[in-house]
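So, here's a batch of structures to check.
One chain, subunit A, appears in both complexes that follow, with subunit B as partner in the first and subunit C in the second.
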Partner chain A sequence: MDETALERYFDDSIANDSGFSLGEGWMMRFLKARGGAKAGGGGGPGSELPPGRDWPRPRPRPSSTDHDDLTRALPVATEAEEESQGAESNTSFCPMTPMTPMTPMTPVTERSGITPQLQNIVSTVNLGCPLDLKFIALQARNAEYNPKRFAAVIMRIREPRTTALIFSSGKMVCTGAKSEEQSRLAARKYARVVQKLGFSARFMDFKIQNMVASCDVCFPIRLEGLVLTHQQFCSYEPELFPGLIYRMVKPRIVLLIFVSGKVVLTGAKERAEIYEAFENIYPILRGFRKH
Partner chain B sequence: MASTSRGEGLSLPRVTCPNHPEACLVEDYRAGDMICPECGLVVGDRVIDVGSEWRTFSNEKALKDPSRVGDAQNPLLNGGDLTTMISKGTGAASFDEFGNSKYQNRRTMSSSDRAMLNAFKEISTMADRINLPRNIVDRTNNLFKQVYEQKSLKGRANDAIASACLYIACRQEGVPRTFKEICAVSRISKKEIGRCFKLILKALETSVDLITTGDFMSRFCSNLGLPKQVQMAATYIARKAVEMDLVPGRSPISVAAAAIYMASQASAEKKTQKEIGDIAGVADVTIRQSYRLIYPRAAELFPPDFKFDTPVEKLPQL
Partner chain C sequence: MPPVGLKCRCCGSSNIVEDDLYAQSQSVCADCGTVCSEGRLANDPVGGSVVSYSYTTQQSKKPCPNLIKGLHRVQALCRVLRLNSEIEKSSQTYFNQACNHESFIFVRLTKKEALAGCCVLISCRMYNWPITAGTIAYLVDTDPASLFRVYLEAVKTLNISVPAPSVSDVIEAHCQAYKITSEHVPEELAADTKELTKRALALVELAAESWIVTGRRPVPIMMAATYLSWQSLQPTKLRQKMTLEKFCQLAKVDKNRPATKRVSEMKEMLCKLGNELPWKTREITPHNVVQQVEDILNYRFALLRNALKSYADSSNADPPQFDIKEIPESEHSLKTESCTVETEQQAHSATDSCDEPNWGKRVLFAPPCVVNAKKKKREQSNQLEVTGDEEISDSEISSYIRTPQEVRNIELTKTLLLKE
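And then the complex of A and B:
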C-alpha cells in the first residue's frame, strides 16, 4: 500500500468525526440484504448516525473481509428510507442457520429488536520487519517496556482508545477498539508510529482475531432451567462463575448469560457471527424468562 | 461336614453333573470337592481352597505377618498386573559389610501405571482427610482411570485431575462438596481444580446436577453443632428463599450460609457470621449480603412449626 494513499486515509478518518464507525447502520443493511424485516427500535440504544453519510470509496485493500464485500455490494441506504419502513413482517425471513442437531432449535419468530454492541476487538498485524523494542520504548510516547515481565512494548493511543503489544519480530496485537474500522485505523496508526521511528514498517495480514459484544435482553433469566435443557452446550457453576457459559456450535461463539438478562458474546471473527448467535439465543432465553 | 454353596445366580462353572446338568454343584471346601446335590456324585475334585492358610488374630503382637498372600488386587483399575518383586531383606544376612542391603534394586513394577497408582494413593489420602466413604473413592478411581486412559488431559498435574475427579465423584453420588472443601485437602488451587473439572466433564462427556442449598445443610449444621430443629429450619428457609427468588444470582452456598445464620439467630444456639463463614468457606460480608436480601421476608421463610427463641422482629438487622 503506497504512502500517499496511507496519508490520505489518515487525513480522511482523523479529520472527520470521531464517532466514525462501520457500526450502527450495519444491522439494518445486513437485514435488508437477507430480505428480512426492519429491526424494531432502531439500530440499538444511543446510535447517532450522521445523516446521509456517504460510504468512503472502496480502497484497494490487501485483505478483503466478508463485510467489506457486502458493503460494496449493497446500495448505501439512507436513514430516511429505513425509518419509513412499516411494521415488521416475517414472511420473507429465512432462518439463517441450517437445522442440524447441533444447532439450538429456534422457532421462526419475529426478530429480537436488540442489537449487541461491540465492546472490544482484538486484531493482529504483521509489520514485516524486526524491531528494536528498546529503541521504540525510549523514543515513542506512551510506550512501556519491561522485558523481565513481558517481551513486548505496550503502546497506547488516545484516538481510537486502544492498546497495542508490539513484538520484536514485527508482529503486533491491537486491542480495545470498539469497531472493525477503528481497530484497523488504530493498527495503522501504530504502524505509522513505528514507521516514523525509522523502521521500514509495512501493514501486512491485518486480521481480526476476536470480537466481544454485549447486550441486554431486559428480562431476568432462569439459568437453572436453561442448563437442564441445553446440557451439552451449557456450563453453569455458581461456585466458579455467576454466569452461565453457553458454547454455541453453529456460529462458534461463547455466550455468558447472567441472571439479570445481560449477555456477553465473544469468540467471533465477524460481526455477522455475533448477530447470528444472538438471534439464535434470544428465543431460547425468552423461553426461560422469569415471571 | 460343613458345606457351602456358591454361585446360584451366576453362570455355572464348566463342570456339571453328567446326570443332572441343571443342578447347582455344591462345593465342599474341606475336602476340595464339588458335589451334585441330586445324586451325590463328586464332579470336580482337588478344588483349591482360597481361604487363608492359618488363623491370625488381630491382638497378637505378630512381628511378621504369616500370611503369604499379598493384598487383594484391584484388577479393574490396575489392568491385571501380575509382576512380583523381591522385598527388602529382614535378617542379618541380607546386608553386606557396609550396611547396604544386598538386593537393592527394586525394579519398577509397572512404569506406565506408576502415575496412576500414585494418583490412587493421593485420592485415598484426600478422601480420608474428609472421611469420604469407600463408594466415593471407588468412583473417583474409576473416573481418574477413564481420564488417564483418554490422555486428553495429559499435560495437567495428576493431583489436579485427581482433585477434580474427587469433586465430580462427590457430586455424582449426590453428596456434593464445595470446591473450597476439596481445596482444603488438596494442594491444588481452586482455579486449577475448576479448570480441570470443566475439562474432565467435556472429556468424559458427562454432566453433573446443579448444586442446591439443601445438599450442604446437614454438613454445615453438624459442624457448627446446631440441633436438628435449627438445621431443618435453615433448610426450609433456604429452599423458600430460592423458590421466592429473593436471592437471584447468589451462589447456593452463600444462600445456605445466610439461611443457617437466620435460623441460628432465631433459636437458642446463636452463631456469628464469622463462625458460619469459616465452616462454609464463605466470607462474612457475603453472608451479610445474602442475609440482607432474605431479611425483609423473614417471617414467611420460617417453617410454620418453628419454636422461636428470638422472635422474627428481634432478628439482627445488618
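And then the complex of A and C:
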C-alpha cells in the first residue's frame, strides 16, 4: 500500500510539473501512511533542542547543499519502507534520480543539530536609590572600589558566579551569568546585599542587555571564500584578528567565525535571536566546508 | 519696545511695557507689576538671538586646518608608498568624507592620523594594490589593534565593501625586499628574484590548501615560503644548514618568530605530499623534504588528490588500527622535531577523556589550531536550573557582609598605613 502510494505520488509529480517540488507534506503523508512513525524521523539529529523553548522554525533556504539533503532523504524513505514491509520485502521501489532540480522543503534535515551554548549574559537593573560607594566597599566582603580607576564598586558573588558594577546613582550592571534566570537571580542577590547594608534598594527595570554564545560546527571553514561571497556583511583582516566578523542584519547579531569551525555569537537581547542567527549562518558555513 | 512674545512669569499675561526708570529700561508686566527683564547695555533680545552668528556673517565655511593637514598626510603616505594618482585621489576623497562624518568629527588627532592610514589602505585594496596593514600601521606609528578599530569604523562610516586581502597578491612585493640576488650575496647563496617569487607563490597556495594560511598573519607565512623556496632552488648542504634566522640576516630582513613555526608546518605538509611521490626512494621527513620540493610543487594537484584519497582509504579500512599504530611511532619519534603524528597522538590522548570529538585528527589536513588544540580546563558546567525568582537565604547574604569587628580592624589598619 505504502509503496504504491509513494510511486503514484512521484509519477504524478514528474508528469505534471517540470519544476518538481516536494511540498512540505510529502514526508508526513508517507509516514502517516506507514503508520505510527514519528514525523521527521528520517531527519535525526535535530532533536537535542532545549525543551520548552520557543524554537524558531528555520525558513526554507534554497542553496546548493539542500539538493544533497533531499537526495539523501530519498534512500531513507526506502529504508523505512523496507522496514515496514519486513523480511519478505521485495520492493520494486527504487530511489528516484531527480531529473529536475527540486525546490528544498523546510525541514528537520536542514537543521544543524548544534545548539549554541550561552557563555555570558550582561544585564542592568536600577536599585532606585543613591548609594554611598565608600560605605558599601567598607562593609561588604566581596567588594572592591578604586575611585581613581573606575567610579563604581565591583562586587562578586559565588553562586551564580557573577560580577556586578554598582554605581552611585543606584544603577547596576551584572555580568558573567550563563542564563537569563541566573542573571536575574544574581542581580537580586546583589540588590539584597545592598539592602542589607541599609539602603532602600529596590529591583526595577531589570533588562538583559547582551548575550554571548559559542558553538563548534566541527569542520574547518574557508574564511577567505566566505568574505568574497558575503562581502557586505563580513570583515576579515588576518593581520589584525584571526577571526572573521560577520554582521548579520536579521537578526542583528555579530558572529565571530574562526577557521577551526568555532563560532561566537554576540549582541543578542534574547536567546531566540542567537538560535536564529546560528541557523542562518550554518548553511552558509556548510557551503565553505572543505574536505 | 518690549520683545514680542514675552510673557510675565508671574501671571502669564503678555501685557508687558517698557518702563524707563533712571538710566536703565525695564520690561514690566502692567497687570501684576513683576519685572520681566532688565535692559542690558546692548539691549539684546531676551534669550539670545535666534539667528546664529555664523549664519548672519555671511562668511563661507573655511575647511578646518586639521583637515587640511590630514589631507596632506594622506598625500605624503601615498607618495612614500609610490602609489598612482588614482589611489591618491581616492584616498583623499575617503578621508574628506570620513572626517566630515559625525563619527570622526570630534575624535583625537591620533585617531585622525590612523584614519589617514586607513583611507590609504582602503583605496589600495579597492584598486588591488598589494599592501599589508602592518606596513600602514608602521607608517602612521600606530599599533595594529587600534588601526583595526579605526579601519572597521571607517569602513562602516563610508559604507563601502572593501575586497579582502590575499596573501598571494602581496608575496611578490614581499619577495622583492629580500637582498638575495647575486649582487648582494655570494653565488652559492644567490637566487633570482623572479624564480624565488614564483616558487614562494606556489608554496603559499599549497599552504592555503592545507589550512596553514587561513586566520594567520601573512608576513610569517610569506617569510617561511620565501625561505623554503630559496632552499629548494638549490638544495645544497650549505643552504640546508642555514637556519631561518641566518637567512634573514643574509637577506637583510627583520626576523620573525612565528615564521619558524610556519616553516615546520609547511615542511610537515610537504612531507605528507612527498610521501605520495611514486619515485621516492626513502621515507620523506622534514629533514630531507627540501630536495623534493620542486617535484612536489610541479605535481601538487595530483599529489594532493592522491594523498587525500589514500588517507580516506586507510581511515575507512582500519580505523582502530590507525590509533594503535600511532603509539609505537610516537614513542620512537619523541626525539624528532614536532611531528604531526606526535602532536596528533598527544591531542588524541588529551581529548580521550574529553567528550568533544577532535575531528582534527580524523582528516589529513586540518587547521593547526584544531590539531594542536590546547586542552582547556573545563570548569564544571554549572547548569544549575534556576527560575530567577527563588528565595534568597539570609545566611548567604550575610556571608557577603563584614562583621563590625572586621570593619573596625580594617579602619584601624587604614589609619596605621596612612600614618606611615
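Quick notes on this one:
We adopt the following convention: the second predicted complex is superposed on the first by the 182 of 291 C-alpha atoms of A that agree within 3 Å, B and C clash if a C-alpha of one lies under 4 Å from a C-alpha of the other, contacts with A are read in each partner's own complex, and residues count from 1 in each chain.
Criterion: contacts are C-beta pairs under 8 Å (C-beta built on N, C-alpha and C of every residue); 3 or more make two chains touch, one makes a residue touch a chain.
What you see is a predicted model; the values in this text were computed from it and never measured.
Under the clash rule set out above, the superposition-derived model of subunit A with subunit B and subunit C contains a clash between the two partners. Contact with neither subunit B nor subunit C is seen for A:Cys129 once the two complexes are overlaid on the shared chain. In the superposition on chain A, contact of A:Lys189 is made with subunit C only, not with subunit B. Of the two partner chains placed by superposition, only subunit C is touched by A:Ala140; subunit B is not. Once the two complexes are laid over each other on the shared chain, residue contacts for A:Ser235 go to subunit B and to subunit C alike.
In the superposed pair of complexes, A:Asp216 makes contact with subunit C only, with no contact to subunit B.
Of the two partner chains placed by the overlay, neither subunit B nor subunit C lies in contact with A:Ala151.
Looking at the superposition, the partner that touches the larger set of subunit A residues, subunit B or subunit C, turns out to be C.
In the overlay built on the shared chain, the residue A:Ser179 is in contact with subunit C alone; subunit B does not reach it. In the superposition on chain A, contact is made by A:Gly261 with subunit C only, not with subunit B. For the contact definition in use here, the residues of subunit A common to its subunit B contact set and its subunit C contact set are 220, 224, 227-228, 231-232, 235-240, 242, 258-260.
Those residues of subunit A whose C-beta lies close enough to touch subunit B in the complex are 220, 224, 227-228, 231-232, 235-240, 242, 258-260, 290. Contacts from subunit B toward subunit A in the complex involve residues 178-179, 194, 197-198, 201, 207, 210-211, 245, 248-253. On subunit A, the positions that touch subunit C within their shared complex are 138-142, 157, 159-161, 178-185, 188-189, 192-193, 196-197, 216, 218-224, 227-228, 231-232, 234-243, 245, 258-261, 291. Partner subunit A is touched in their complex by these residues of subunit C: 132-134, 144-145, 147-148, 151-152, 155, 161-166, 208, 211, 214-219, 308, 356-357, 359, 363, 366-367, 369-370, 373, 382-384, 386-390, 392, 396-402, 406-407, 410-411.
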